[in-house]
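Encoded as structure tokens, here's the structure I'll be asking about.
Each chain carries a letter (A, B, C, D and E) given by its place in the written order, and its residues are counted from 1.
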Amino acid sequence: MQKHFKKRSEKGGLPPGTLAYVGEKKVEKVIITVFDYDSEQYEEKELKSIEECFPCKDTPTVTWINIVGIHQVEIMEKIGIHFGIHSLIMEDILNTRQRPKMDDLDDYLFIVLKMLSYNEEGDEIDTEQISIILGQNFVISFQEKEGAVFEPIRKRIRKNKGRIRKEGADYLAYALLDSVVDNYFKILEQIGERIEFLEEELVENPSTQALQEIHRLKREMLFLRKSIWPLREVISELERGESSLIKETTVIYLRDVYDHTIQVIDTVETFRDMISGMLDVYLSSISNRMNEVMKVLTIIATIFIPLTFLAGVYGMNFRYMPELEWRWGYFAVLFLMAIICIGMVIYFRKKKWL
Amino acid sequence: MQKHFKKRSEKGGLPPGTLAYVGEKKVEKVIITVFDYDSEQYEEKELKSIEECFPCKDTPTVTWINIVGIHQVEIMEKIGIHFGIHSLIMEDILNTRQRPKMDDLDDYLFIVLKMLSYNEEGDEIDTEQISIILGQNFVISFQEKEGAVFEPIRKRIRKNKGRIRKEGADYLAYALLDSVVDNYFKILEQIGERIEFLEEELVENPSTQALQEIHRLKREMLFLRKSIWPLREVISELERGESSLIKETTVIYLRDVYDHTIQVIDTVETFRDMISGMLDVYLSSISNRMNEVMKVLTIIATIFIPLTFLAGVYGMNFRYMPELEWRWGYFAVLFLMAIICIGMVIYFRKKKWL
Amino acid sequence: MQKHFKKRSEKGGLPPGTLAYVGEKKVEKVIITVFDYDSEQYEEKELKSIEECFPCKDTPTVTWINIVGIHQVEIMEKIGIHFGIHSLIMEDILNTRQRPKMDDLDDYLFIVLKMLSYNEEGDEIDTEQISIILGQNFVISFQEKEGAVFEPIRKRIRKNKGRIRKEGADYLAYALLDSVVDNYFKILEQIGERIEFLEEELVENPSTQALQEIHRLKREMLFLRKSIWPLREVISELERGESSLIKETTVIYLRDVYDHTIQVIDTVETFRDMISGMLDVYLSSISNRMNEVMKVLTIIATIFIPLTFLAGVYGMNFRYMPELEWRWGYFAVLFLMAIICIGMVIYFRKKKWL
Amino acid sequence: MQKHFKKRSEKGGLPPGTLAYVGEKKVEKVIITVFDYDSEQYEEKELKSIEECFPCKDTPTVTWINIVGIHQVEIMEKIGIHFGIHSLIMEDILNTRQRPKMDDLDDYLFIVLKMLSYNEEGDEIDTEQISIILGQNFVISFQEKEGAVFEPIRKRIRKNKGRIRKEGADYLAYALLDSVVDNYFKILEQIGERIEFLEEELVENPSTQALQEIHRLKREMLFLRKSIWPLREVISELERGESSLIKETTVIYLRDVYDHTIQVIDTVETFRDMISGMLDVYLSSISNRMNEVMKVLTIIATIFIPLTFLAGVYGMNFRYMPELEWRWGYFAVLFLMAIICIGMVIYFRKKKWL
Amino acid sequence: MQKHFKKRSEKGGLPPGTLAYVGEKKVEKVIITVFDYDSEQYEEKELKSIEECFPCKDTPTVTWINIVGIHQVEIMEKIGIHFGIHSLIMEDILNTRQRPKMDDLDDYLFIVLKMLSYNEEGDEIDTEQISIILGQNFVISFQEKEGAVFEPIRKRIRKNKGRIRKEGADYLAYALLDSVVDNYFKILEQIGERIEFLEEELVENPSTQALQEIHRLKREMLFLRKSIWPLREVISELERGESSLIKETTVIYLRDVYDHTIQVIDTVETFRDMISGMLDVYLSSISNRMNEVMKVLTIIATIFIPLTFLAGVYGMNFRYMPELEWRWGYFAVLFLMAIICIGMVIYFRKKKWL
């Protein structure tokens, strides 16, 4: 996860507003799909060149341009110029190290989000930056790689399900936001399962692997938090409805996403508390083990050390040792040893060490 | 308790406002009871179908519709349509993973609460979502399962006790809120007793069970906190009396519930502090035990190891060892050993290890 | 102290505003004393029945009714009705589990405070709820038990000392508040002395008793904090002078109490920090002791174990062991042992273990 | 330092506004010095009785009355009456347990500060309360004992250096504040040096003295914080310039002191973090030492215990033990022991214990 | 790093506004360079005396005066007088212990920043104070030593790249701020790499060096935080655009720097969390090692102590010990020992100690 904190400086020194891709290239080819719809009809097409979608800007229908792969600076530049997007905003879209934020530029809103997903091995969380431009009757969304998250929205447009075809571009932007936030719940469920699994393991077998898993989880929560906390403010700002681009009727939907975001943050905080509780459990079970080991050592040692001493005494070679001559000396010593041993055991029982 | 963090994603992908039950089904049959009252008369009935209660909406009397079991989507849909409740609100009622909140939709207020109760075994806290719709002269309350919490309110309506029959729907909503908050005190008392019991046990016998109980309590406090903290804001918002549905005279009662909520939160925070103090007590008593064990081992070992060495010396088989030939050699050695032993004991006394 | 968190639910289910005493009965008989004074004259009497004080309400003189013992619901009801106090407020007075708070009901102000005092054994902090009703020219104060805290005020009224006889009911209410806050300093001094005493003990002898005392102090600070923090807001609200019952000239006195409250809170926080520092000292001195014990064990064992081995070697019964036959074999071995022993001691010195 | 938290209650029960000195007497005689100056001239004298300075109040020149020693209540009373200072303020001046604060009484401003200095042994921080009354064209400053902090200001007045003679009483008050805050930097430097010294020592030799020094530092930081934090608010309130006593041109100087105060607070917080980091270093180096000790014990014990056992076996007195009769038996056993010993050492090397 | 907290008091006692250099001299000679440009032309020169740049103040072109080395008080004084800068501001520029801050003096803005860089050995972070004066059409920047951070800006001016030549002095000030903030990312990347490296090492080999590195990193984060946190407020204040010196069009650029600052702060906080997590990992791996050592000791001791005792018993010299006479006694005892040994091993296996 360390990699998320690096490579920001690659373009240091360039004048601000210079477009340059900052991040790793995640797809080979840039895919541009366009949805153009109103409540009566809809059109869907995959574009070969970005210019094809320019006429849509001025139609009264809602146009959704979805761009997968943002590493081709030329395409990005064309979009920026045609849709009149400020070069600093274009720079932010291309820089995948952004923090979730919202900028209101009067003519359009710019929203940056983080989409999270487990990688293919399912052991690490991948992050993808999603940028959304919401204009008067168009939405442009930028993804780093293909994913299934927006598929249900596409289906709803195609099948005219729910309100999406009846509402404007702001509702579409809301739907995109909503699907990203819904996706967080999935990630949290998977983490919840890992926590649950780990907790059972901790009680049975507090291994160093468990400790490493705790720290991995802790790190991931840190990372999630960083991605999700700023989102709260982003949506809250949208919901306050100060932009003329957000219609009155959409505000209640945004409030709904806001509630979900708060729920996600709540769960993240609860998970953090649970994980730090697990560390306590781990440490005290380690120290309990230690205690148990020490007790065994102490019991064995305190029983046998005096006995060995006794045996040593009668192993001395002094010429004049009267006990050695006694008929029952050996058995008397064995008996004495048994007494000592039993006494010790009783003592340990009383101390609750046995 | 882990289960509270799961299964939120079941309906991911459905368009917003689609009604779908999210949670576990806790009762078999949906039970609908209606109270219709004013200061002069009251009527109570159990309904077979939800349609029966629709005429009440327009009477000047206060109508309280209580619905136990919210998993039958058809019933919910009918209520939503008849009472003009926004589909997003209906969706929230059906989703039992909500965070306590209050939405003011001008025509009605929507309140979500968490009711807490110990399960039958008395070892885990169950949570139930209670949703309340407060309209002009009606209150609709949704419960996940039957419970005795609202019974005293029913009695007060039947017997015309207190002010409830003299006041409007807003007072009824307050009474529902109040009974839920009062219920928290019961839960806190039970937890208080467990803490008290655990503290005594910790001093006497710091077992691993005690540690697990501490962590269970810690987890429960985490969970309580999550349920109760947002309530504060909910009631504070109601109390500010910005909605025309809340009458002037009811505000003082809401302030009273608000005070109670603060008291509950205060107690939860105090319990949290006490529990984390208990963890400290546990850890230090564990380390004290360890110390005691180590001391015993050290005392036994440091007394007998030198003695055993001495015995070993005189067990050597050298041909020429003058002491062995001495008449009183054996007794001299025994005496020397006694001296060493006594010296050690005095040393340990001085060091306060004995 | 656990008891402070219990028994709140006893009256659960009763309609709000029903008077019922919640708490333990601390005095047998209810004692009602009345002071009636202006700058010229004063009258002091102990009442047999509460009705006797009712005429005072309408005189222009300042009337202070002090009621010790609040468990007789009938008396309380009469007061409530005669002085026109809302039933919810009367309920709060009777419920001794309140949090300090201030309610402005236009006609009168209601203030709840916590009075703290050490119990007779001097080892636990007792809490007593003090409620104050400040009306146009009367003050009613409710105490759970008799105490000397208000005595200086009575003296000042009797002897016409200071400004008290010259000022109105608001100044009297201030004087009551001030004496309660002044009392906190006494409690804090006693705690300060216990902390000081404990600190010295910790360095000399970190016993488990010390640990328990630390935790007792910690618990008491938790409890003090809960009683004192809300007071800050109470007095700050009074001082803002929004109520017409508080005269301009009294505000500067309230600001003075406010400063004292802040000082109390400051000291509580400092004590908390000091106590948690003491826990650190305790834990590290325990671990230091452990270390010392381990060192002694290690030194004894590492010196004698090799020596014992050597003795063991020459205690073997092999027929052919040339050393055994040597004339100076025994002394050579003793010399070797001395060398090893001295070598070890030098090694430990170098390691700074001795 | 414990003493700072005590003795507040000495005057409990006296009516508010009664003058009584709370604190320890630090000087024998009260010293009163007066500076009277404007841009053209200045006069400096030491007064025998306080009455001598009363005429200065009404001259247009700036008058600075500095009073060292505040334990003579009569003098204080006279000042209070002549300069029209509220009795509660005079009480605050006499009570040396104040928290830094600022009161605006329209006619004059009252400022309480804490001056810190190391005591003569240089091992503890002494605190002294400085109270400043800023009137229309006079400043009265109260000190508990003599000190050199205000000397540079006196010099600047005498030599007409800087702007001080050109500005009014508010600038003088600023200069006093500034010199107190500047003094904090000196204290912080000394603490910084102690921290630096301690850190080096901790690495080399983590003794219990070091631990006690850490806790002493921690305690001092607690104490500094308590003295300095409230100052921030005090100066910020002054700087907001709401009082007509503060001229426009002085505000920029106050902002400068404010910046310094923030810097002091910053440093205090950084020191606190550093000290708590040092505690971690101490604890982990203690536990490292323990580890090292344990390793030595384990190595010695695990090498010699098996060898001793072997020697013990051949020390048994069975009649029929074939090995004992062998010609090279003894040497074979010695060789076996050497093998075991070498094996162990290799094992420990592999485990990185050696 | 300790040095950053020292030597502030050097000029204590001087009247405020007295210019005196506080800090270490980092360059020998003061270097003054001037850029004078508008969109059409630019001029760049290195000045011999500061007076040469004074005429630029009144030209309509943008003038950037960069001063490296601020220890020559005379030069500073001349600048202060010519450009009409308040003496307190000049004092702040000369005092290199400032906290980042922004002062709006209507005619000009004063900004203090901290530039961070790794020292030549790459093991410690050096700090340099950068002060910027932004006037109507000039910018004066003060650096403590030469560095390459502003080089890209110079290049952009020379080559007329980006918007810099088209915009005014406010844009130049923004560019300077931006390059300093961009520089933080470089520092953070280096720290990120050190953290990554350290984490790997911790798992493999938790040495005391690693612990010291953790504490060094912790200290550095403390230091970074202190330098960067206040910057947030500085830029936020600039961005709010209340000064007439900041043009409307520049605000969006400042918002961009603000976003970067937030990102830097975010990363610092994340690093802090990661480092404190690493301390946990270190401590628990140390305690795991201890456990392992203890286990080995216990296993060896508990196996051999009873065996040695047995050998000791048959090494006793009693005259009548029947087992000694038995033909197979020796082998029986050896067999018994083997049984005990195997039993122990099985026991430890069951306990999972082996």
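FYI, a residue touches a chain if its C-beta (ideal position, glycine included) is under 8 Å from a C-beta of that chain, and two chains touch if they have at least 3 such contacts.
Note that the structure is predicted; figures quoted are calculated from it, not measured.
Counted as hops between touching chains, the shortest connection from chain B to chain E is 2. Comparing the residue numbers each copy contributes, chain C and chain D share less than half of them at their mutual interface.
Separation between the centroids of chain A and chain E, computed from CA atoms only, is 26 Å. Chain D has its Cα centroid 43 Å from the Cα centroid of chain A.
Counting partners per residue, chain E has 287, 290, 294, 297, 301, 305, 308, 312, 315-317, 321 as the residues that reach two or more other chains. The assembly's chains link up in one ring whose order, counted from chain A toward chain B, is A, B, C, D, E.
Residues of chain A touching chain B in their complex: 152, 156, 161-164, 175, 178-179, 182-183, 185-186, 188-189, 192-193, 195-196, 199, 203, 252-253, 255-256, 259, 262-263, 266-267, 270-271, 273-274, 277, 280-281, 284-285, 287-288, 290-291, 294-295, 297-298, 301-302, 305-306, 308-309, 312-313, 315-321, 352-353. The residues of chain B lying in touch with chain A in their complex are 2, 5-9, 12-18, 86, 88, 92, 97-99, 101, 103, 205, 208, 211-212, 215, 218-219, 222-223, 226, 279, 282-283, 286-287, 289-290, 293-294, 296-297, 300-301, 304-305, 307-308, 311-312, 314-317, 321, 323-330, 333-334.
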